[in-house]
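Each chain gets a letter, A, B, C and D, in the order it is written, and its residues are counted from 1.
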Amino acid sequence: MANPFNLPMVGRSLRNLLSRPATRRYPSETRPHFAGTRGTLEFDLDTCVFCGLCARRCPTVALTCSREERYFAIEQLRCIACGVCIDLCNKDSLRMSVDAPHVHLHTGAAPGDPRPGHQEWHQKPPDGSPPVPGDAAGGTAAAAV
Amino acid sequence: MDKDAFLARVDRYHRDGWRLAIINTTSILPAEGMDGGAFDISWSFASDQLIEHVRERVLPGEEVPSISTSFGAAFLYENEMRELFGVNVTGMALDLKGQLYQTSTIVPFAPSAIRARLDALGRGDPAPKHEAGAKKA
Amino acid sequence: MPMSLFKRSPWILHYDGSSCNGCDIEVLACLTPLYDVERFGVVNTGNPKHADILLVTGSVNERNIEIIQNLYRQMPDPKVVVAVGACACSGGIFARAYNIQGGIDQVVPVDVYVPGCAARPESIIDGVVSGIAALEQKRKRSA
Amino acid sequence: MKRTVVPMGPQHPVLPEPIVLDLVLEDEKVVDAIPTIGYIHRGLEALVERVEYTEFGYVVERICGICSFMHGMGYAVAMEEIMAVEVPERARWLRLIWAEMSRIHSHLLWLGLGADAFGFENLFMHCWRTREEVLDIFEKTTGGRIIFSVNRIGGVRRDISDTELAAIVEKLQQLGAGFAATARIFETDPSIRHRLSGVGILSREDAHAVDAVGPMARASGIRMDTRLTGTHLYDRLDFEPVLETAGDCLARVVVRVREISQSIDLIRQAVDRMPKAEGAPIEVKVRGLPTGEVFERLEQPRGEVIYYIKANGTKYLERFRARTPTFANIPAMIKLVKGCDLADVPNIIMTIDPCISCTER
């Protein structure tokens, strides 16, 4: 029979009762982010030269880039935040942010419905023809919480 | 492969107290004079800091004797060999009868399966070298 | 919507598809002291018949299609599916592997996608909260 | 006596991941166990056909979310060997430090899950709370909590400043001091002893016969640890593997508890002995296409992992294979489960520290 007074957990438990709770009250209290934390991929249309290096080397095929159509797209749902594209980019057009919305809602199942997590950008072609209808400003389907 | 010589060699490792580190199979793609491809199987044994490999080249369908009587852990590798590569392993101590992985593709790592996947990708083998150079630009 | 406004306690059923473990341990981390989702009444249950939210990590392969469908079928209506992590959302880095069919939306309808590799606990909590909102909507619609 | 087959899994409260064991029972005694895996099989090794060798490291990392650093490191080291790349010394030290931190994080995670499996939820919470502090260090230094993507062929992507390293050592030593109380609970609490002592005994001979690796083998008294080979700079540290001789579930818990303090000490030694060379190169550019093959061994938290890589002079590898520690420990688990009580099966499965996503890849 083991010693019934041998209860090493008791001290620990008492200390816990008396100490401050460890829980962070997310979402009212957020954890401070460290510099360099990887997060959601963000794209800067103004600096991109559409070389397509990032799209060719992306291990998950999350990026689409077309030089002819001056088109760039990110599938946020596929991105694994490895950072290969950011390292490759000579123009610093890509970066990561931790502040972007982290949740994408289902946006409908019909063929025309925007795909969740799909973001695309079109740049005005250099010959002056009108830009492709859509949004030059940014994402189409990133629903924030 | 020479089964008797192979088993004698494995037995020597067993007697000397080595442990089985890994059994690895590599598929050799079908080529001139080797229509069905082949398998390079290596049995690796470790003892303290040392590791030694026994390598055999076998053809599809060729019988490969199980070593699970001397090395108990071998059955898992051997079931895997048969299920993923289609190597004809005989005499396993615990035969899981193809129930280990149950992959969607039958024998996904067999030379013919790899060939078919590469063909579907439109890639001959080896991949053209200039392609890699161009990407560095 | 602040969490205190939720009147009900959603129960969660967590299933690990073909995941690398990363998202699973982050889901578990949500239950541990630092994040503690139980303060919202969120309970991780093992029984699909008790669950409101199906939380799936990892992608779908040949073998677990049936299991996920089974779990989904057994859950009472209204129910919500939350896909956690890049693999559950789209197949992620494994989308092109031979044994992977893709994201879980190939098998069951997904309401909330939580991307990330691995999804951070904060994102998972956000995902669950969005799931609760979707659940309320469905409940109103069916009422 | 009547035999009953009880399938355990794939979804079971004690199993964090799906695996199926068909347990053949005679009354309450387990007489046979037949494993079935494949629920997490992704066919990752075949992705070499589609992902170039430069990016394949990010696939390898995702074999498992717990030892992801070790997998990334193993791939990078193996490729460096094939391509005969000389890696800067600072990068190698940083890898060692991160690797030992992975061990701390993995063992804490496992101790928590193990405690949960034997019904001690309070301890589970404690271990995971301590683990968060290690994850914070990871996030600060690599940018990720679970998957770090910090290894690259030729070195590492991020440096840690010397002051930061000193701070990490201090933080880890505080963590170790705080964890000592929890460690004492694991080693002395009578309820844990009742539950684990004498359960699932793997003798030294059996451990050798079923080729057990890692803490599993060390708890049975086999002095086996890949770190003893001195590769990856371990030859510059004073290191002696933690050994236990009882071979039961408790011994396996105790080995892991003691390995946490050992890893903290190894990190302290590493920071002391590495050259103070902040700003020194941490990476070399790797060019060209690899040819050749290599077997690379590494000691992961769960035991020895072996990578095999064959490259054929193209940008796609010909074959990648990882033999993970859980794969090697499954025969030991089956051996242990045979002859035990049904109620002890969850504990025995947990104490091999199963990582199914590693096993199935």
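In the analysis below, a contact is a pair of C-beta atoms (placed from the backbone, for glycine too) under 8 Å apart; a residue touches a chain by one contact, two chains touch by 3 or more.
Computed from a prediction, not measured in an experiment: that's the story for all the values here.
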(message) Of all the chains shown, whose C-alpha centre falls nearest the centre of every protein C-alpha atom combined?
(response) D
(message) Measuring between Cα centroids, which chain is at the maximum distance from chain C?
(response) B
(request) Could you tell me the distance, in whole angstrom, between the mean C-alpha positions of chain B and chain D? (result) 25
(request) Please report how many Å separate the Cα centroid of chain A from that of chain D, as a whole number. (result) 28
(request) Find the geometric centre of each of chain A and chain B from their Cα atoms only, then give the gap between the two centres in Å, rounded to an integer. (result) 40
(message) Going by the contact rule already set, what residues in chain D reach two or more other chains?
(response) 38, 41, 43, 46, 50, 52, 58-59, 62, 129, 144, 147
(message) Two-or-more-chain contact residues of chain C, please, as numbers and ranges.
(response) 33-34, 61, 63, 92-93, 96, 98-99, 117, 120
(message) Could you pull out the residues of chain B that touch at least 2 other chains?
(response) 102-103, 105, 108, 117, 135
(request) Enumerate the contact residues on chain A facing chain C in the complex. (result) 21-24, 26-28, 30-31, 40, 59-61, 75-82, 102-106, 109, 116-117, 145
(message) Please output the residues of chain D touching chain B within their complex, sorted ascending.
(response) 34-38, 41, 43, 45-46, 49-50, 52, 208-211, 224, 228-230, 287, 289, 295, 297, 304, 306, 308, 310, 312-316, 318-319, 321, 323, 327-328, 330-332, 335, 360
(message) Residue numbers of chain D touching chain C in their complex, please.
(response) 10-11, 13, 16-18, 38-44, 46-47, 50, 58-59, 62-66, 68, 109, 112, 124-125, 128-129, 132, 144-147, 355, 357
(message) List the residues on chain C that touch chain A in their complex, please.
(response) 2-3, 33-36, 39, 86, 89-93, 95-96, 103, 109-117, 119-123, 125-127, 129-130, 134
(message) Going by the contact rule set out above, which residues of chain C touch chain B in the complex?
(response) 61-63, 98-99, 101
